[in-house]
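Shared between the two complexes below is chain A, which has chain B as its partner in the first and chain C in the second.
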Partner chain A sequence: MPALTFKSSKLLRAQDSFTSFAFVLPALVIFSIFYVYPFFDIFNLSLHEWNGISFKRTFVGFDNFSELGVDKIWWKSVWNAMYITIMALTLQNALAFALALACDREIRMKNFYRVVFFLPPVLSEIVVGLIWRWILNAEMQAGEHIGLLNHWLVQSGLPHLVHEWLSDPETALTCIAVVHCWKGFGWGFIMLLAGLQTIDRQLYEAAKVDGANTLSTFWHVTLPMMVPVILVVVILTVLGSMQAFVLILSMVGQGLVYHTEVPVTRILASMQGVNRFGYACAQGVCFAGILICISIFFKMISDRAKQV
Partner chain B sequence: MKNVLALVLCLFTCIGCGQPKQDANTVTLWHWMTDRNDAFQALAAKYEEETGIKVQIDLYPPSDAYTQRIIASAQARVLPDIYGILDKKQVFASFIESGFVADLTEDFAANDGEWEKALFAKALDVNRFKEGNIYNIKPGIYGAPIDVTNIQMLYNKKLLAKAGIDKAPQTFDEFLAAAQALNRIGVAGLVSGWGELWMADCFASNYAFNIMGEEKVMATFRGEVPYTDPDWIAVFNVFKRMADAKAFAPGIVTKPNKDAEQSFALERSAFSFNGSWGVNAYHGMNPDLDYGVMMPPAINPDNPMYIWGGAGSSFVINGASQNKDQAVAFLKWFTARDQQVFLAQETKNLPSNRKALSKIPEVLSDYAKAMDNTTHPTIWKYNEHPLVAETYLKGIQSIIIGEKTPEQVAGEVQAVKEREMAKAEKRK
Partner chain C sequence: MEKDNYRTRNFLKYSFIHIVLASVAMTCLFPLFWMLRSSLMTQSTIYTDKNLIPSEIIFENFATAWVQGNFGIYFMNSVIYTVSVVVLIVIIASLAAFAFSRLEFPGKNIIFYMFVLALMIPLPGSFVPLVVLMNKIGLADTRIGYILCMTNVGLSMSILMLKTFFDKMPSDLEDAARIDGCGKLGIWWNVALPLARPAIAVIVIFNSLNVWNEYILAQLLLSNKSLMPLQRGLMVFQGSNINNDPVLMAGLTIAVIPIILIYLAMQKHIIKGLASGAVVG
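Entry: the complex of A and B
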């Protein structure tokens, strides 16, 4: 009898695992078809020389990867993406946090501000790019600057600052980064605001009773409570900024020399410009590796922060 | 009940995954030309009325996205009956090699070459692979041009007169002087969509052909003449001289062609480098614009100035199409005189059928006069390696923004050329 119980409990356990597996199976199949298989297929393609159309693919081993290792333009594009990311991490998130703090208080028309701050992220990147290209336009008509920024600079008595913003290597990438921040700060704003609203108000009252001023309340109450949200915002900012490219295409077309190239535009150039799909896949695998490393790094920071 | 549901789901999945069955009375056509879609749809309706064959026309703009769609559809083997290949000759060849494009040589030759003779030879050349072509494609014609085009310079008559210039510049020095005179009255010189690199490539190769002649350009592509040759330095110098004379509109290196067209149409720039398709765009933006067409002013009087031109847009027929005969019949009808006259009048593009030329606007007629001086990379015997071409075009951008000298750019392009030649040699 005990043997039978043992057998039936084993059967029950197997049935349980089978049921659980059956529930997970659809998701697993979809994940495998749309993520795992493409990843391995891309990796396989990265080991070939292929023009993207022909049936003929030539196996070249890791040649594409060794070429990528010494491709200065590729690494410049990675640096450019990092520059945009650093700008987004600092400028964009600082602005988002400041505005979230402002809207978390009891101010008039705070719902109106919330809607206004969330407008840029819901606009299409192409539209944002076109609007900003008009703002930064350096052309003139009948002696007047057409671009809003240059026009405003002249009207403000600063004509010496008038510039070809998107055609100068010194300013083009920074302009793109600033527009990217303008477009993206709304996401951070919403998430940070949601995080701020989950902080128990009693903590602020207790801090006030203890005589803490605004700065020390922020430092000792708000910031520690916001760490998990900030980390999520940081990870999303990094991943979103590293992969930005639609804005770049709509602002500077096929780019200003190599000064506005980012990894995704280089992958596109390899595929579309020079029809080297194998090399483009190697770039994709390398870029995925970079993003995975960054994500792991932030995950480790996040875990450590949780322990603290 | 669950089993029945699962069975139905499986059935739907299997049916959904299968090849769609084609209707023998429907021809599918994919294109990218937003400005011509209405005219295409009108012609399709007329064709259905006349023949009972439905032509399902689907628009997938812009051209970049269309190119990607066509490549992806080829990979998935779901191309329509009729489509266009907006890419290099090498890509066109790959499509043919993979059986995605039907050979139309016999259709063009039928009835004593009636169809072939009706169309501009230069336009057909874009779709033609000659004997001994470097792509090893069977000689023949693989597509039909639906219009022709060429890319020239345009000048605004009113703005030139305002700057004290009574006629279009004939020489390069006159052009630079005109640009400086225009600057003095606050008008920009040349505008063009060089944010799309192929437009800058077009301008540069015009001058390469003029300065050193076609044979030397081809010899460079074959690797027999270095880019550091004085003639190539002279080509790069064209851009330096123009930049030094402030002959370019601000921001030209990152300007898309649509913006450039707007800049010329709204009289912010006095010169434009644009194709005959721009006539329609200018008319839409400023119907009163008073402008003329001119060849880019030559530097070397001993060589002719060749401009890019030939087939504007071409359609090919899917080699695996079940409706190939219907598709060919539609293309023949589409490129016949009456339909071409309709297209030219509605879309202000140059017709591919020579018999339709009599009824086109004056500016288009001026464009058409230069058709004999047209050339195009797709009909050249050799094409430059795409990586070398990219370095060359990015180098031209560097010269325009004053970042590099012509000599520096020539050295960089030659270095990439040598690297790619060494790689090709190693592969052999």
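Entry: the complex of A and C
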């Protein structure tokens, strides 16, 4: 009976598909509840005025966004994040690249350096922030500086440099940015070193035979070969640094009025501080838009770099 | 003469490189040393004694932190969260990645690209609706709620990594297992999982570090002290009125030691995993 076998094979196939689908079901359920639903809900909430508790949510259209457009503190926080990002792009990545170049050769203790440089990136931002807060502490106790940095400055005869590092608005953000670089450079170092080591050594030999010196070898061989890896590092640095905020919470808390705020701490403040959940979501959507624009910008640059 | 000159120059060059590398290595290690040192002092000597090795070393701060500072509870919570999240991620992600790579069902590609897309779209404020949701379904301030949220955080990346691994795996062994009468689940458990050990090692390490170091969801979801993990506990202790710096430093040391041990034991995997990502990306 051919008809019957046909039917049962169809049934079998449906059953097979179903059991295969069961393999992705747990992942799909968790992903839908904890990622997809909040993903759409953030857009929905951003159009409402809501205090997070009451049953009443008022639909306000794009009011939150137009309020955000003229919110000076918000744009100040965006600028602060950009400041940290620019510091990370220059200071952190230049240091990472220089160290990677130094390690890209037969050198003793290479593995030791590699392990030590990657130590700060595996620590949590809370731990890093609290340790540096302790070192940068500017309080005095019985005429002595508590913090190590100020103590050292006095000891080395530079008392005029003693400073309230984390409570002075002028220096707080820079201190945070420097600690952020301290925590992050080892990660860029590992990525860049891995890239350097994929470059064929014969290229260097050929450059040497052609009479190129160290600088022109770097400029004409190393740098062009490194463009793809450098772009990956740059994009990840930008996305990571723009969204860095736990370090700020652990180093200065949310106390310093607006001078060390970044967008994510503003979102937290809208949510926990003044209970404006809709406004917090609008901030989240706006910041996501900014990040996506930055990503697209770098994607265009990298496409252009690949053509050349 | 010329050779000597070359040698001296080479020696100077390498000495310079080593001095630079060693001083950067020092700045990486010193803050950790300072943390450990400060945790071994009393509340009075910590402010006055600035020697590298303090004149008086005590270990009481660790006991104080562990018991009075609640760091014992926080530590156990961190262990519970890290272990359960990592186990869940390995099982759920490997099941899904195996299906995406080897099995057929309608909608497979769409579902897979959804996970990939989630990795590419940054959504910094997504914790706001997540907290609203957790409150609504009663999972806020529960262990299971935090575990599920953290499982979701690591899921997409782990699925992607495992799928790339399964795609490259030869299918001979699976065919042999199928001939021997293994079902899909049997192949996943007996063939795919053991072969994927290197990829699973990377997933275990990165997700452990990630969960152990996580702060913001713990801050938003957990307000009961007995449920808090270490990072949250550190901030609670820091923000409390008890201004006891040596005990805080002991707490930090407690939070750091497991990470450093795991890191030192696994550094080859960690660095290799990261480096391969750099070259592929």
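We adopt the following convention: the second predicted complex is superposed on the first by the 269 of 308 C-alpha atoms of A that agree within 3 Å, B and C clash if a C-alpha of one lies under 4 Å from a C-alpha of the other, contacts with A are read in each partner's own complex, and residues count from 1 in each chain.
In the analysis below, a residue touches a chain if its C-beta (ideal position, glycine included) is under 8 Å from a C-beta of that chain, and two chains touch if they have at least 3 such contacts.
Owing to the predicted nature of the structure, the values given are computational and were not obtained by experimental measurement.
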Touch count on chain A, higher of chain B and chain C: C
Task: Applying the touch criterion given at the start, work out whether A:275 contacts chain B, chain C, both or neither, answering first, second, both or neither.
output: first
Contacts of A:167 with chain B and chain C, given as first, second, both or neither: first
Message: According to the stated criteria, A:253 is in contact with first (chain B), second (chain C), both, or neither; which is it?
response: both
Task: Could you say whether A:52 touches chain B, chain C, both of them, or neither, answering first, second, both or neither?
output: both
- prompt: Touching A:142, do we find chain B (first), chain C (second), both, or neither?
  reply: both
Message: Contact-wise, after the overlay, does A:107 reach chain B, chain C, both or neither (first, second, both, neither)?
response: second
Partner chain in contact with A:62 - chain B first, chain C second, else both or neither: neither
Query: If you lay the two complexes on top of each other, which residues of chain A touch chain B in one and chain C in the other?
result: 52, 141-142, 146, 253
Statement: chain C residues touching chain A in their complex are 14, 17-18, 20-21, 24-25, 27-29, 31-32, 34-35, 38, 47-48, 50, 91-93, 95-96, 98-100, 103-106, 108, 111, 114-115, 118, 121-126, 128-133, 148-149, 151-152, 155-156, 159, 184, 188, 209, 212-216, 231, 234-235, 238-239, 245, 248-249, 252, 255-256, 259-260, 263-264, 267, 270-271, 274-279, 281
- request: In the complex, go through chain B and note every residue touching chain A.
  value: 64, 67-68, 71, 74-75, 87-88, 90-91, 94-95, 97-98, 100, 186, 188, 193, 195-197, 249-256, 259, 263, 266-269, 386-387, 390, 394, 397-398, 401, 403
Message: With touch defined as at the start, can you tell me which chain A residues reach chain C in the complex?
response: 16-21, 23-24, 26-28, 30-31, 33-39, 41-42, 45, 52, 95, 99, 102-103, 107-109, 112-120, 122-128, 130-132, 134-135, 141-142, 144, 146, 148, 151, 155, 182, 186-187, 190-195, 198, 229, 232-233, 239, 243, 245-246, 249-250, 253, 263-264, 267, 271, 277, 280-281, 283-285, 287-288, 291-292, 295
Contacting residues of chain A [partner chain B, same complex]: 51-55, 133, 137-143, 146, 164, 166-169, 172, 251-258, 269, 272-275
